[in-house]
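Encoded as structure tokens, the structure appears first; notes follow it.
Going in written order, the chains are labelled A, B and C, and every chain counts its residues from 1.
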Amino acid sequence: MKKLIAILLAVLMTAVPFALSSCGSDDTSGEVEYRAEYTRDYEGTSINVFNWGEYISDGTEGSFNVNKAFENLTGIKVNYITYDSNESMYAKLSAGAVSYDVIIPSDYMIERLISEDMIQPLDFSKLTNYDLIDPQYKNLYFDPDNKYSVPYNVGLVGLIYNTTMVEGTPDSWSIMWDAKYADQILTFNNPRDAFAIAQFLIGVDVNSENKADWDAAAEKLKEQNSVLQARVMDEVFQKMEGGNAAIAPYYAGDYLVMVENNPDLAFVYPKEGTNIFVDSVCVPKNASNYDAAMMYINFLMEPEVALANAEYICYASPNTAVASNPDYSYYEEEILYPDPENLPKTEYFHDIDPEIRSYYEKLWDGVLLAD
Amino acid sequence: MKKRSLLQRLIGAPYVLWAAIFIVVPLFIVAYYTFTDADGGLTLENLKSLTEAEYRKSFRLSILYSLAATVISLVIAYPFAYVMSRKRERTQKIMMVLVMLPLWMSLLILTYSWMNILERNGLVNNLLTSLGVKRLNLIGTPGAVIFGMVYNYIPYMILPIYSVMSKIDPSVLEAAEDLGSGGVSKLYRIILPLSMPGVVSGITMVFVPSVSTFYISQKLGDGKILLIGDMIERQIQAQNNYNVGAALSLVLMVLIVLSMALMKLFAGETDDNLYV
Amino acid sequence: MKKTLGNILMGIVYFVLYLPLIVMVFFSFNSGRGTTVFKGFSLKWYAELFSNSDIMVPLRNTLLLAALAAVIATVIGTAAAVYIYYVKSKAWKNTLNTVTNIPMMNPDIVTGVSLMLLFVFVGRLIGAKNSLNFFTLLIAHITFNIPYVILNVLPKLNQTDPHLAEAAQDLGSTPTEAFFKVVLPSIMSGVTSGFMMAFTLSLDDFVISYYTTGATFQTLPLYVFNMVKKPVRPHIYALYSLIFLLVLAVLLFTNISGMKDNKKKKNKSK
């Protein structure tokens, strides 16, 4: 038994990771031409990048390995770590325990980080690729003077439905309350996104600071409990791809992944309006390698890099070099890049007053545990 | 009696130091957060807020489901461990490792896999429909959550029970038979008392992680079954409210300690304070 | 009859234990990009593992961390068990036992957050820029591992004859020699199973790790857990399938070679 364990461990510890990683051919450098100049001034240093899970082109399926390419180009080591939500990223950051050089939070979280003085202005003189960013994603409410952030991804929430299970073409969030589809309806498993749907439906501001508005939305959500199959995040892929559920709200880009596995799925932007989000690159106050971080951010905006990320993540790119590239798989893809004229109103989430925030969290508990 | 050697005295120093810093101090941190508000002022509000209906329901469900999971695990693991302990020694070894092996995989991945199996169009339901049986709603039910707990933690029940049973001398059982003890009485009078320490530790090792889980309930409960682990996770991860999170944890810990004490009362004083 | 019943039970339990693993292996051969719809047989996700080293970093981190944490926890924990065994004061013994139980009774998330707060506090005191790093993660893992080692070793100590060590000393051994020559061998199986349990728990932890790791070190379970908005892709399945098959192969190999050893022994004894 002891011998067995020893052998087991020895083999596992050494053979697998090292054998496999040594086979890795890092052929991602070389051919690509970059727009900006990259020096090797910071060779030997490292930067700590903190990003969403599965939110960068990482070399799988023959894709471009962004971090590796950056390392080869500049000699800067990229320590890449992921998080699962804006809030858990905030928890780690606000503890002040670790110095990250690059983070990629969403709009409302950036607003909060700015107001709490946790991120620092970027040096735009070094971000020579910034002119590629679509002007409609500049000067957004959370960073009106374009000082702190560079847009990375843009996304819209829409309604995904299974055409074999749903009659006709739904055009309203109200179908998520339709008893006809009882036990086939999914919704978000986080309060902000779930509330937003109810708020659009009953015509209440998603950023309301009025408790009564949140009460009304919570009541609406409770009505939904009886027809709801599940509250999901990533589970939505299994549920919708497998035909286990008929209706789900989720991000437009992810629908494109799902439809590859289940061609019966369709997508629509409900008429009442929907949530739009921008995830932007920022640098925390306590970053330790600011200049290298600037170089990294500039690199992320490179046409080839941004294209690789857009292909991998499947969300809309705020980078004009990507959207205008005919080789891009989602070139002029209507769902990702809808014509504003066909799109109902879109709303960004704003950072909400802490008191209101804990108020709606409380309401959400009530929704979840309602009988 | 010999005097204790220097070795025997010093050998515990690293652990005592370690436990003081990394086990006891964090406990005080939890207590500190429980009794203070966001600005550090003394308050009982956090504890008071736990009496709200949502939390009460969540506590109730957690305890109910994890108790069920513990009982089911015990009912399966006990005969399993017994049968195993009566096999040839080498078979025992292989069987033991096979019980442990799934634990080396990720709980996350295995739970994901179970979703595949239990979904409405999952493996089980496909099998049922092809046999002409009506589909069942498996995922999203309390049963699925309890099942997930049993699946993930039953090795921790089998392990200690097997380990005590394998040490029961077969000659003891033979002697009992010679004295006229039949099946049930043999079990009740000899095996059960001897295996009690294993049972007690098994119960602990299934009950504690079950009562505080959030991943299993989230994935197999379709996000509709909120256990106390989910509540703690939401307070800390989503709301960054360490105070209420700490209060919930403290109450949960007290509940766990109480239920363990209660269990020991039922189990009787086991000779060596094995796991708890 | 009883035997058949027992075997049926075994069969069912093993079947259920391995069912999700079979499903996992199955979908690792999926040519599609998901883990729900099987689009055809392909080995591409395995090829992916060999050509994409990014996923190997978290794997190596996980194994390194689990092995280190388990070894250190086993040393400290075994020593602690021996100490607790010899403690005479009942009150002190009870205190030690209670403290040992705390990490097991504490929900992971609480252990994680409270340790993080401790590390951050200490970090501020000493003015460190990165209060969380690999070592805080290691400390956290050792902390939740030690109790399991103690709880595996203590019962073994209770089974050993307390006079054994004394007898060895009477025969002229120093207490240290007596410990290593007499006591340690008799509790070795407990030490091994404690180590195994520690290793296993470390391998799969993601909650405590999330809060106590720094900016440069991520483990595989964390990597998987953080894919909250995106689906788990088959290359993760492929990776775990490989680990699974490898462990299984080593297992079978050692058992077959063990069988040969046994045969040899038997032949000799004839």
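Worth pointing out:
As a convention for this text, a contact is a pair of C-beta atoms (placed from the backbone, for glycine too) under 8 Å apart; a residue touches a chain by one contact, two chains touch by 3 or more.
As the structure is a computational prediction, the values presented were derived from the model and not from experiment.
Counted as hops between touching chains, the shortest connection from chain B to chain C is 1. Among the pairs A-C and A-B, the greater number of C-beta contacts is found at A-C.
Our note on geometry: chain B versus chain C, Cα centroid distance of 16 Å, whole angstroms. Chain geometry summary: the mean Cα position of chain A and that of chain C are 33 Å apart. Between chain A and chain B, the centres computed from C-alpha atoms are 35 Å apart. Chain C has residues 35-36, 117, 196, 225, 232, 243, 247, 251, 255, 258 in contact with two or more other chains. Multi-chain contact residues of chain A, defined as those touching 2 or more other chains: 1, 4, 85, 88, 238, 242. The multi-chain contact residues of chain B, meaning those touching 2 or more other chains, are 93, 97, 116, 236.
If you check the complex, the residues on chain B that touch chain A are 53-54, 57-58, 93, 97, 115-116, 119-122, 137, 139-140, 218-219, 222-224, 226, 231, 234, 236-241.
Chain contact summary for the complex, chain A toward chain B: residues 1, 4, 85, 87-88, 90-91, 94, 183, 189-191, 228-232, 235, 238-239, 242-245, 357-358, 361, 365-366, 368-369. Those residues of chain B whose C-beta lies close enough to touch chain C in the complex are 2, 4-9, 11-12, 14-16, 18-19, 21-27, 29-30, 33, 76, 79-80, 82-84, 90, 93-95, 97-110, 112-114, 116-117, 123, 151, 154, 159, 163, 167, 197, 201, 204-205, 208-209, 212, 214, 229, 232-233, 236, 242, 245-246, 249, 252-253, 256-257, 260, 272-276.
Interface residues of chain C facing chain B in the complex, by the touch rule stated above, are 6-7, 9-10, 13-14, 16-21, 23-24, 27, 35-36, 76-77, 79-80, 82-84, 86-88, 96-97, 99-111, 113-115, 117-118, 139-140, 142-143, 146, 150-151, 154-155, 158-159, 166, 169, 175-176, 179, 193, 196-197, 200, 203-204, 206, 220-221, 224-225, 232, 236-237, 240, 243-244, 247-248, 251, 255, 258-259, 262. Listing the residues of chain C that touch chain A in their complex gives 32-37, 39, 44, 48-57, 59-60, 63-64, 67, 116-117, 119-120, 123-124, 129-133, 188-189, 192, 195-196, 199, 210-211, 213-218, 222-223, 225-233, 235, 242-243, 246-247, 250-251, 254-255, 258.
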